[in-house]
Amino acid sequence: MTAVVTRETSSLAAGRLPKWATWVTLVAAMAVSGVVFALINMGSAASDFNVAGTLVVGAILYLVVIYVLSRLSESPRHAIDRFVTALVSSAFIIAIIPLVSLLYTVISSGIERFDVEYFSSSMRGVVGTGGGAIHAIWGTILITLAATIISVPIGLMTSIYLVEYGGKGRIAKAITFFVDVMTGIPSIVAGLFIFAVFSIFLGPGASMGVMGSLALAVLMIPVVVRSSEELLRIVPNELREAAYALGVPKWRTIVKVVLPTTIAGIMTGIMLSISRVIGETAPLLLTAGFTTSLNMNLFDGRMMTLPVFVYNQYQNQGTNPDEAVARAWAGALTLILIVMALNLVARLIAKIFAPKLRG
Amino acid sequence: MTTSSTAQQQQEEPALPPKATQQARPAVRRLGDSIFSGTALGAGIIILLVLAAVAVFLVAQSIPGLSSEDNTILRDRSFLEYVVPLAFGTVWASLIALVIAAPIAIGIALFISHYAPRRFAAVLGYVIDLLAAVPSVVFGLWGALTLAGFVQPFYAWLNANLGWFPLFSGQASATGNTILTASLVLAVMILPIMTAICREVFLQAPRLHEEAALALGATRWEMIRMAVLPFARGGMVSAAMLALGRALGETMAVTMVLSVSGVISFELLTSTNPTPIPANIALQFPEAHGNGVNTLIATGLVLFVVTFLVNAIARAIVNRRAQFSGAN
Amino acid sequence: MSKRIEVDDLNVYYGDFLAVEGVSLEIAPRSVTAFIGPSGCGKSTFLRTLNRMHEVIAGARVEGSVLLDGEDLYGAGVDPVLVRRQIGMVFQRPNPFPTMSIRENVLAGVLLNNARMAKSDQDALVESSLRGANLWNEVKDRLNLPGSGLSGGQQQRLCIARAIAVSPDVVLMDEPCSALDPISTLAIEDLIEELKQEYTIVIVTHNMQQAARVSDKTAFFNIAGTGKPGKLIEYDETTTIFSNPSVQATEDYVSGRFG
Amino acid sequence: ANEGTSGGEAVEGGVTGTIEATGASSQTAAQEAWVAAFLEANPDSDVIYEPTGSGVGRDNFLAGASNFIGSDRAFNEEELAAGGFGSCTTDDIIEIPVYISPVAVIFNIDGVDTLNLDAATIAGLFAGTITNWNDPAIAEQNPDATLPDLAVSPVHRSDASGTQETFTSYLEATAADVWTYEASDEWPIQGGEAAQGTSGVVDRVGGGQGTIGFADASQAGDLGTVAVQVGEEYVPFSPEAAAELVAGATQEEGRGDADLVFDVDPAAAADGAYPIALVSYLIGCTSYEDPEVAATVQAYFSYVASAEGQDAAAENAGSAPINDELRTQIEAAIDLIQVEG
Amino acid sequence: MSKRIEVDDLNVYYGDFLAVEGVSLEIAPRSVTAFIGPSGCGKSTFLRTLNRMHEVIAGARVEGSVLLDGEDLYGAGVDPVLVRRQIGMVFQRPNPFPTMSIRENVLAGVLLNNARMAKSDQDALVESSLRGANLWNEVKDRLNLPGSGLSGGQQQRLCIARAIAVSPDVVLMDEPCSALDPISTLAIEDLIEELKQEYTIVIVTHNMQQAARVSDKTAFFNIAGTGKPGKLIEYDETTTIFSNPSVQATEDYVSGRFG
């Protein structure tokens, strides 16, 4: 950009805060806040210095100062714009704090047991030290996979029905109504439900992997329906019309035009629903049960899952609590890594089909 | 949407013979379409059936639990006496969580969709999605072991200095395991769901309308207010409802974090807190027996109803201005 | 391949709102028919009923009949998909598929219907369609880039290429040139001239010169006032409409002395 | 690495059945140790213990879903009279107290590792009548400790729990003046800190200042613990001291031959016995439909009651091994399981 | 209120792609300038740089300077919001806010600066703007219905009403009439004539007649071939461009003998 003479009094730049002003204000706000907290902290150990307090007060100070500065030198509208920008950015930072804290806790505590044994052995016959979570890892993968295979087609097809076929009909209304209700099923109730149903058919105390999958599917379906419904609705009608005008049947239009257009969002929704259930504990305790051994058969016998594993290792630490807690954290870390990998796959799929450019 | 001139209309205008050629006709469907729409409808019906089954199960299992005779859970209380504080606890904790999380989630979603540089935004979105993956047990551990201790001094301070304010009154907890902490954990848990859906919807806001706003001399925020937020309204409410659904039904994290008492209390900082229904089920179920189990299931039914009411209200809000929705 | 269209006393409703009332006309095969009329008089609405595209809009419905070579489009057992395959359409606003490349957009009618076609045939079809729409030279080097990256005019021509690639019997065009420069417009007009040898063409246009240049017959629609239905005022040979119309309103309109 | 390696050399006389059990979570650590050792000796058998909670376990036993269960309490007389144990062919069941675990009273005060407290003071701390650690009632009993001016935050269990029932029955039995509530697995007072599970209580006590709670002794870790007054002396918890308590307990009358249920009375604890201990039972049938199951249950129970079994539990769960006298009684009961069809 | 625009050696890039190269021109206040040229030659692209709307597109950037009454739009510290406030824009594709009623659409820009406008002033402004855009009669009875329910032409006129409601100094119009019927087109042309008394107007059009009718000066853009940048070929009085252009390409283009 060739800079040409800019008069300071320029009406276009009228009362425009220079670019550096925001950063200077931010640094200054943090510095002031830091000094205040340092003064409060005087006399006690440096490690007592309240970092979070400094950040919060600094951020609030920044919000106020940038708003006032902008209001005085720019305009109320700009002030609001800057205020919102600061607010939106701090929303992000606020969310980052627990995330970092959580991830730090999980990683630093979980890494200790990230060894070969952990990923090659189960807890079968393990007392105190050692042992691993291979049985829980497989259990989680298989049960979640089965739950996904059950709920994604049902959920996706239902949302397609709602958006493309149902219109304002009575069935569509009923489905919407019930999906709403379904979002409210507490996970433990879903577990109780499946448990009770299987007790009727297989006798009391039935426990197997597929029961866990079904319980999770009950929880997953509404998430899939709701998120895909929302995204299908905002696919522009123009595109549907373009396809219809080419003599493309409705179902092909949906499959080949509507879905690909919004595939990134739908994948996000599916990932969310998986994330929503993969960490469920209560319903799995009731349905898939608890075991220390590896079981790869969804239809026969108890199956361990990572959340149950983590929960159990924490709840029942025995006389060697450090070992148990380390196993628990490693389980949590493993679970997060699994979801991370799934997320990557989902993004890859989304990328392949996603619209090439925004229209 | 099949077009037809109905018999009625023909009677109204009998003078036009050509119309007789087009009787009300059955809708014609291609095989592929029939199969596809049939499958779609079938999927919807499956949901209805599952729900009906769950409802029947809940109702059938609940009935024996309503009587307080020989009931190890109710212990001479009436069911209503027992469940009202629990229902209050559920709604209260979730509401606080939603009030905390919703603005932050919308903020983050906007930050990702409209503020952050593109590359950065993609990474950010990914990082936030990760939060959704953290199992509730881990949230429970983190909330109980890390967060509670961290916020406890703030609670003590709030209680000491702003104790006159009803929410902050009472005897401050020594450990920080209060309903506010539980709600904070819930807020962090529902943040990713809300953020992800809001983000997707914000990203879909039509460029055309964003440009229209900017061309009118709107600042970025004004553009968002004019072109993005109204467009995304339905999606945002849906996101909030999904999030609320998760908060209402969350079991393990609350169970592990919250110091429960089963009271009705609006105080946020004490160790005497209301008990949300799912946490109560999780806490009581292992030692429950006989019709106590049924009582617990009946509380699950109550939660079901509460969630439904919340959703119905949200739907009503979204539908009120349906004709101004963003599609087309 | 060309077909005759007969419309008999057609009413079109959006819900309860009667948008177009009592239109009857006959369109000969191998001809170009232009619809003209002021904005909002229902040209687009009526055009969409000719291939049942109005059914896509919730609440839209018709009364009356539209015959394609004597066969009622709205008859029992008629499949709208087949109707649309024979009667193609180009819209007022260009709408290429954002998920597809330029090449895929042109082939959309083929690909979306899962028809099998040899790669070389596909290439030939893409080239001939794009040439037909006067877009080939501009995009031949970026066939695999997304269609949404083109300029407005380019996008519209892409949509025309897409519509003619499926070789329909009838092509409906809703102001296809409103986003085009004169050169492209001329090219499209030439194309229409060419297509006319084989196809029946109906075109909505605001451009009187264009109507005069390309069409054999012209239909003038008008509307009495807001909330009133649009009506077919006059339908005749284009030369008649522009030189010696029988209705005063038509003359006012085509000479620009209107309103 | 430990998967798929079983079925090595067949062990002489090993049992071959697969038995499934559910029940008390308090026994989890002990069961882990027992199952591990048992399977090593009987590689062709399989024992699965699922810590569902005692209540669920008892329901399962009634419904016939578990071959045996662990429970923090025995079936009471009403339940026995109702009978109908789905797992068994007759209503004769075997109940043996093989898991005895001291419950420690734990607290967190900077600079104080141990306190001597009598029952009334403990009850006062938990009932909320003693609200500060510098209360004279505490100071009198602990002249050497420097007690801070700090609010007392009592922590109890938020879930229904056998440990809690043990603790409240101790208070009910020994400090009825201060503790006016009935023993219960649910905390009878509204208010106070509540935490889920033993580990929850331990974490909560450790996470606050001036907190006091109760937990399975093996989990007390670095926290301060209370030596409880029995008679004239203050007894710190230990497995041996807890075993003394059960040794002094009277057996409940009017039950079946294999039904060994003890009425543990903390108020009647002998000198040197630690008065707060959870007594948790293994419950099985005396006759099963499947002889293989019967043989395996018998073998497993025998191992649990054996000296090695009790030591393994002591090692992994910090429980108190039963004394030989009790073992003899238990072995007799186990022999009543009908192994031959 | 009118302002002079001076553009000096402007290059516009989409990422690495140079879309428009080396444009220099001067636009006098109180005048109408038309941009003509074949599709894809960069008219829209260049137009958007005049009020920094190109910044909305990721990767789009400019080199060179654009002076508004001597003040560089791209100078340090210049606020694009203020720029756009003074330089309004009407787009090729009508884009009323679908979530707003017709009335709210018209007021959208005004209320940004003057949120507490009296109801009666608002009403007056809505009416005058809609009348200016020749839409008042069609919508006066449904001001509170959504703007997206209008026909294409109606929507475009609504956008024009919205743009002039904020009374900018300069109005940029990107093919504003491409979706309009001749009557509306004439009305808009009349409006342009009127606005010209006070404002500076720049209009992109494919319609030679329109350019000839409304503009004082005309800029002809052209492009050498695909992937090549668009360039300003000739810029002169409209009469000169259409009767006696100095470059052969211009003559070819305006007389339709091109390509």
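Observations on the model:
For reference, chains read A, B, C, D and E in written order, and residue numbers begin at 1 within each chain.
Just so we're on the same page, a contact is a pair of C-beta atoms (placed from the backbone, for glycine too) under 8 Å apart; a residue touches a chain by one contact, two chains touch by 3 or more.
In UniProt terms the chains read A = Phosphate transport system permease protein PstA; B = Phosphate transport system permease protein; C, E = Phosphate ABC transporter ATP-binding protein, PhoT family.
All figures in this text were calculated on a predicted structure; none of them were measured in a lab.
With steps allowed only between chains in touch, the distance from chain B over to chain D comes to 1. Pairwise, the chains sharing the most contacting C-beta pairs are A-B. Here the CA centre of chain B is 46 Å from the CA centre of chain C. If you average the CA atoms of chain A and of chain B, the two centres end up 14 Å from each other. Centre-to-centre separation between chain A and chain E, using Cα means, comes to 44 Å.
For chain B, the set of residues touching two or more other chains reads 1, 30, 33, 145, 206-207, 219, 222, 231, 282, 285, 325-328. Contact with two or more other chains is made by residues 77-78, 81, 167, 236-238, 249-250, 252, 314, 358-359 of chain A. Multi-chain contact residues of chain D (touching two or more other chains): 25, 52.
Those residues of chain A that touch chain E in the shared complex are 1-7, 10-14, 16, 18-19, 74, 77-78, 81.
Of all the residues in chain E, the ones that touch chain B in their complex are 51, 53, 56, 58, 81-82, 84-86, 88-89, 91, 93, 95-101, 108-109, 112-113, 145-146, 148, 159, 162-163, 166, 168.
For chain A in complex with chain B, the touching residues are 52, 77-78, 80-81, 84-85, 87-92, 94-96, 98-99, 101-103, 105-106, 153-158, 160-162, 164-167, 171-172, 174-190, 192-193, 196-197, 218, 221-223, 225-227, 229-231, 233-234, 236-238, 249-252, 254-255, 262, 264-265, 268-269, 271-272, 275-276, 278-282, 306-307, 310-311, 314, 328, 332, 335-336, 338-340, 343, 347, 358-359.
Across the complex, chain C is touched by residues 36-40, 44, 92-93, 137-142, 150-154, 157, 175, 178-186, 206-208, 225-227, 253, 256, 258-259 of chain E.
Per the touch definition, chain D reaches chain A in the complex via residues 1-4, 20, 22, 25, 28-29, 32-33, 35-37, 39-40, 48, 50-52, 60, 63-66, 86, 197-199, 218-219, 221, 312, 315-318.
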